[in-house]
Amino acid sequence: MSGSESTTTGSLLVVSAHAGDFVWRAGGAIALAASRGERATVVCLSYGERGESARAWREGHSLEEIKAIRREEAGNAAAALGAEVRFLDAGDYPLVESQELVDQLVRLYRELSPTVVLTHTLTDPYNGDHPAAARMALQARVLAQAIGYDAPGDPLGAPPVFFFEPHQPEQCDFRPDVLLDITEVFDRKRKAMECLPAQQHMWDYYTDLAKRRGVQLKRNAGPNLGLAHSTMGEAFVRLYPQVTGELS
Amino acid sequence: MSGSESTTTGSLLVVSAHAGDFVWRAGGAIALAASRGERATVVCLSYGERGESARAWREGHSLEEIKAIRREEAGNAAAALGAEVRFLDAGDYPLVESQELVDQLVRLYRELSPTVVLTHTLTDPYNGDHPAAARMALQARVLAQAIGYDAPGDPLGAPPVFFFEPHQPEQCDFRPDVLLDITEVFDRKRKAMECLPAQQHMWDYYTDLAKRRGVQLKRNAGPNLGLAHSTMGEAFVRLYPQVTGELS
Amino acid sequence: MSGSESTTTGSLLVVSAHAGDFVWRAGGAIALAASRGERATVVCLSYGERGESARAWREGHSLEEIKAIRREEAGNAAAALGAEVRFLDAGDYPLVESQELVDQLVRLYRELSPTVVLTHTLTDPYNGDHPAAARMALQARVLAQAIGYDAPGDPLGAPPVFFFEPHQPEQCDFRPDVLLDITEVFDRKRKAMECLPAQQHMWDYYTDLAKRRGVQLKRNAGPNLGLAHSTMGEAFVRLYPQVTGELS
Amino acid sequence: MSGSESTTTGSLLVVSAHAGDFVWRAGGAIALAASRGERATVVCLSYGERGESARAWREGHSLEEIKAIRREEAGNAAAALGAEVRFLDAGDYPLVESQELVDQLVRLYRELSPTVVLTHTLTDPYNGDHPAAARMALQARVLAQAIGYDAPGDPLGAPPVFFFEPHQPEQCDFRPDVLLDITEVFDRKRKAMECLPAQQHMWDYYTDLAKRRGVQLKRNAGPNLGLAHSTMGEAFVRLYPQVTGELS
Amino acid sequence: MSGSESTTTGSLLVVSAHAGDFVWRAGGAIALAASRGERATVVCLSYGERGESARAWREGHSLEEIKAIRREEAGNAAAALGAEVRFLDAGDYPLVESQELVDQLVRLYRELSPTVVLTHTLTDPYNGDHPAAARMALQARVLAQAIGYDAPGDPLGAPPVFFFEPHQPEQCDFRPDVLLDITEVFDRKRKAMECLPAQQHMWDYYTDLAKRRGVQLKRNAGPNLGLAHSTMGEAFVRLYPQVTGELS
Amino acid sequence: MSGSESTTTGSLLVVSAHAGDFVWRAGGAIALAASRGERATVVCLSYGERGESARAWREGHSLEEIKAIRREEAGNAAAALGAEVRFLDAGDYPLVESQELVDQLVRLYRELSPTVVLTHTLTDPYNGDHPAAARMALQARVLAQAIGYDAPGDPLGAPPVFFFEPHQPEQCDFRPDVLLDITEVFDRKRKAMECLPAQQHMWDYYTDLAKRRGVQLKRNAGPNLGLAHSTMGEAFVRLYPQVTGELS
């Protein structure tokens, strides 16, 4: 979606280390934003060509072929969710942090003026690229706020940041403090997952996880909220304090 | 306020160890709820007659006199905030935990059906009554949810719980994750504070704190929110994950 | 099973707050122990008659009827796992801690000489009975070790203690450090779950969880371990350091 | 030992910032692995020539002399433990992290296919080289698992990682969760320590520590394990969850 | 020592669960205070007659005999350190918390006006009596500060509290933030330890620990402090922030 | 002040990311050291020209102008406190870590032989330059201790390190464990603050904070310390254990 016809100022930015991460971990949040008419943009720092394409390597594909495959699949998945996608092609395994890459992110922040930012957790003992992506996403967000930082556009406000759920949440110090109801857009998330055929076993895995987070969502909301039995959820951790005019 | 004429279902319950706690720590949240037409109820487990009335003791008042003074002052402060107050007179220093007291709280939960609950932090090395109050408030909330618990009324839903700010936040593991904008009701909070003449030095202290939390509120909200320079805030910690249909 | 004909010294003790907890959370560990010919004993401190029997209450059953139903179901489930079960009928919601109850547990420790102990986590903001059960299980274990504690039998050794998985693990500070492969006994666990007809929606929920822990188990074990795609797992947290003669 | 004649698949890899670290902190674990006929390899990223050779500097030795001394001593100590040693000579104080060094480690992982990995803790306010070594050891382990990473050999499995004990454990967030019984090989560890004459005061210090960890080992194992009074121990922290078929 | 002839206002209060704890864990701090002419008082809540007298039970002594033995030994040890000792005989294994016992402690605080308080850690998975003692010591300290608490004497100030070192520090969340140089009084501590003949193996164990803490003390103090090679130390954790007029 | 005429060995080193940080966060500690006749040196790694000079940018100043303004203001503030100031002009937003910059700090440590070091916290989600400055300050301190590190001067001792208070303490894991009484030098701190006219709103903000820390200081010191009602305080976190000959 382009968001150009939207009258809302909502703009979601998702910073993802590899091409598929945003689908499993934040597909529901992205589809929800898009369904509200907000702009949703996914930035893939790499294609996950080395670290998350085992099957393609076993099938004998070349590096460039793998990148092309991943790019196409991620584009399809983003479209299914209603989001735009940008690829920075910074390489993975390892995703090397650099000021150049941070600067590219600063420019994106200035261009997109996100009102909400999603990224990886800062701890992940299974995948160093994830925290590297998160650190750069956070550093760029702070730099983009400074009028003195030399990049086009106006200084950024202070959009809230949410970490999306890693594969082994407890090992990544991921203690959810926000449970998002994605029931109404779960079909879109499932369709987006099905754009990634090499990881077919993940489709059911993340469907099960959405059910599990949905059960917890109901348990934390109480019977009064009138949630259906088939509630689907996504879990997030909020980095900065919530600012609000009403406790709820 | 009784809330009987209210058309909203909002009901705020504040569980306070002593008679004055709710004013300093949650006066803004209470006034905000009342200003929205919600029912707001403060439960004072004790009057703070032994532990928080040093001046009255030094002036030679008897225990019963002190309790009467504190009761009146807390009643005035609650009225200034637009809240109802209940006194359980369970004694302080120490506030002794008992199943009888928990049962009284269960009955209050069932009667009031709170949609939001505020209480003390679970850690406070300066005042054991505060965590004792919090533990009872939390236990009663869970018991009130069980249809099998023998008390009048319907089982409680799952109202969110927020811890309000202790006097020395860092020593009480108080890391705010909700900053509440209380600017529009700060006058009422100040008036409520002034109902407690024995602690006059606290008036400015908690006014300063509200300014400080207001500055942090603005910093976390960004310039886009259009907050005025004189924003006043209160800080809270959320116990259970937030349940929401939109990240913001 | 009684274990009387067993030649192994293994003895598993599971301390459970309510009648059903051990099935969902530790059914695999129990079935594994039994399948190795070890003695497995479940102690249910209460029947979960008030807090975990919502459906029976809504159906209009009396307290005594509910206790009888829960007792029979838990007995069936334990039998399906190959375990013995003891009911202490101490009441739930709240499960009130007392020295008398701790003393009963000390006597059980002395009688059974467990080599492994399983119980609830020490933190659970959704259910105060769970930490209460855990605290008593841990206190009794330490008391049973003292020759000076006045109870029949020899002093206990130092059996390792594992916390089993709560319903909302991250909210209970549950960071798994042991992943148990229960693939070979999962059928028994499923049969035991099916002994609890009032909670039919939990059957699939905990089957999904077992798959999810199984995936994590494979990820932490590496491809070399030759685990099948359908590995099922249970997660635990170890309280005391592991004592070993070999790192692995 | 070369392990070439061994029929076991065990392969221990120890990643050490400086030339002496592995002796004090993991000598027992290394000697145990070797005594079981496993391959044991120590990688010293530096000789500790600047930061851990104060006496040699005070005696006026040149940098090259100090490196040669440290190399010989570490080689002798490794031999006493039954381990092979590799020196990467990457410099210390500071040990600068680089992708080149990580790549060397990836190649070692691929060559050695370790089944167990030991390294420093990720926190050490007294010595920045230690966490730097640990970060590189962990990053390389993850990279070596990816089929897409361009280095000779097969992708690595998922060997468990243990952090060995730093000099001031509590300041390094070192909370032991594995206590290893090294009684039977302590003589070898002592001999290896005595290969480092410049730090003679450490011999008794680490002998005392082994006793202390031995006492804790007995206390956590209980009387039933039949441990002798002179049990000697080494403490470790496990990074990833233990995968097991039996709780014990 | 009675302190009556002392001109200093220093008054050290040590709250110990069992009769021997104060010797191993705080003997140096006690002897230092006494050597400065301060009053030092040890309160033993129990004799440790059930939980810490295994040898006496195995030798067939009766409960009363054991209490008498422990009382005499602890008295001798206190005398060797220069401290007074009070026995509250509240029973151990378990040490049951009660308001009566807390009240006795409040009266002691009011009587002794301690300027420094030492007690056990709040976490100890090996011994529930230790945290129970600490909780009562802390609760009593806060109650004694309230003018409204009904006990003889003046309200207490706010003496700093230090936790002394448990047997397995890391398992008790004991991260030392104060290292006390006890070199000059270590002989007295050793003599006090030798007053406890049933635990002879502890004499060397705690001498080794004192050396180990001494090495850490030197490492944290730097070479400039001119500490001797044989520095002996005790480790503590400070509960409340240090109040000072100078950073050092 | 140069300290050349001083007979004390005290030497305070403050490592500050930007030119203004030391005034708000450590002005009291600096003025106290100077008032005792100690040498006090502030190192500003950058001028804060990009990230902390929003007003100057809005007024249209050039980068070089802004740096000049900040340099002069910081110099005035340091003089008001009695401190010397060094500017390393390493750039901000981001402050890029480098071994060259660390080496400059090592040389300063060797030159100044600080007996106390102050710097930023290691966590600050609002400003990445702060933790970057702290990491370099800590790494340089350790390197300066090594005789083998190639820089002029004698190896450094082990000066204690204190983190000063960040703008949003709880979000930066800042749990004060030292409260410094700055009452007698608060006037100087106020004057130093007034040297920074672009941040006039901060003058009162940090005056209020000093009052608030002063109230906490009194609460932790007790009535016995005879503190006046107008006590002003600064809060710090100690990185390494305190080494002392007396608990207090």
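When the chains are written out, they are named A, B, C, D, E and F in that same order, and each has its own residue count from 1.
Keep this in mind: a contact is a pair of C-beta atoms (placed from the backbone, for glycine too) under 8 Å apart; a residue touches a chain by one contact, two chains touch by 3 or more.
Keep in mind that what you see is a predicted model, and the values were worked out from it rather than measured.
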| request: Determine the set of chains touching subunit B that also touch subunit E. | output: C, F
| Farthest-lying chain, centroid of Cα atoms versus that of subunit B | D
| Same-site or different-site touching of subunit A by its copy subunit F, using the half cut | different
| field | Selected pair, out of A-F, C-D or B-F, that shares over half of its residue contact pairs with B-E | value | A-F
| query | Where the centres are mean C-alpha positions, what is the separation of subunit A from subunit D, in Å? | reply | 38
| remark: Chain-centre distance (mean CA atoms) for subunit C and subunit F, in whole Å, is 53
| Junction residues of subunit F, two or more chains touched | 126, 171, 176, 216, 219, 240-241
| query | Which chains touch which? | reply | A-B, A-C, A-D, A-F, B-C, B-E, B-F, C-D, C-E, D-E, D-F, E-F
| remark: Touching subunit B in the complex, subunit F uses residues 126, 167-171, 174-176, 201, 205, 208-209, 211-212, 215-216, 219, 229
| remark: Listed in rising order, the residues of subunit E that touch subunit B in the complex are 99, 102, 138-139, 142-143, 146-150, 239-241
| Partner subunit B, residues of subunit A touching it in the complex | 12, 29, 32-33, 36, 115-116, 118, 145, 155-160, 162, 176-181, 216-217, 219-225, 235-236, 238, 240-248
| query | Of all residues in subunit D, which touch subunit F in the complex? | reply | 49-51, 53-54, 57-58, 63, 66, 93-94, 96, 125-128, 171
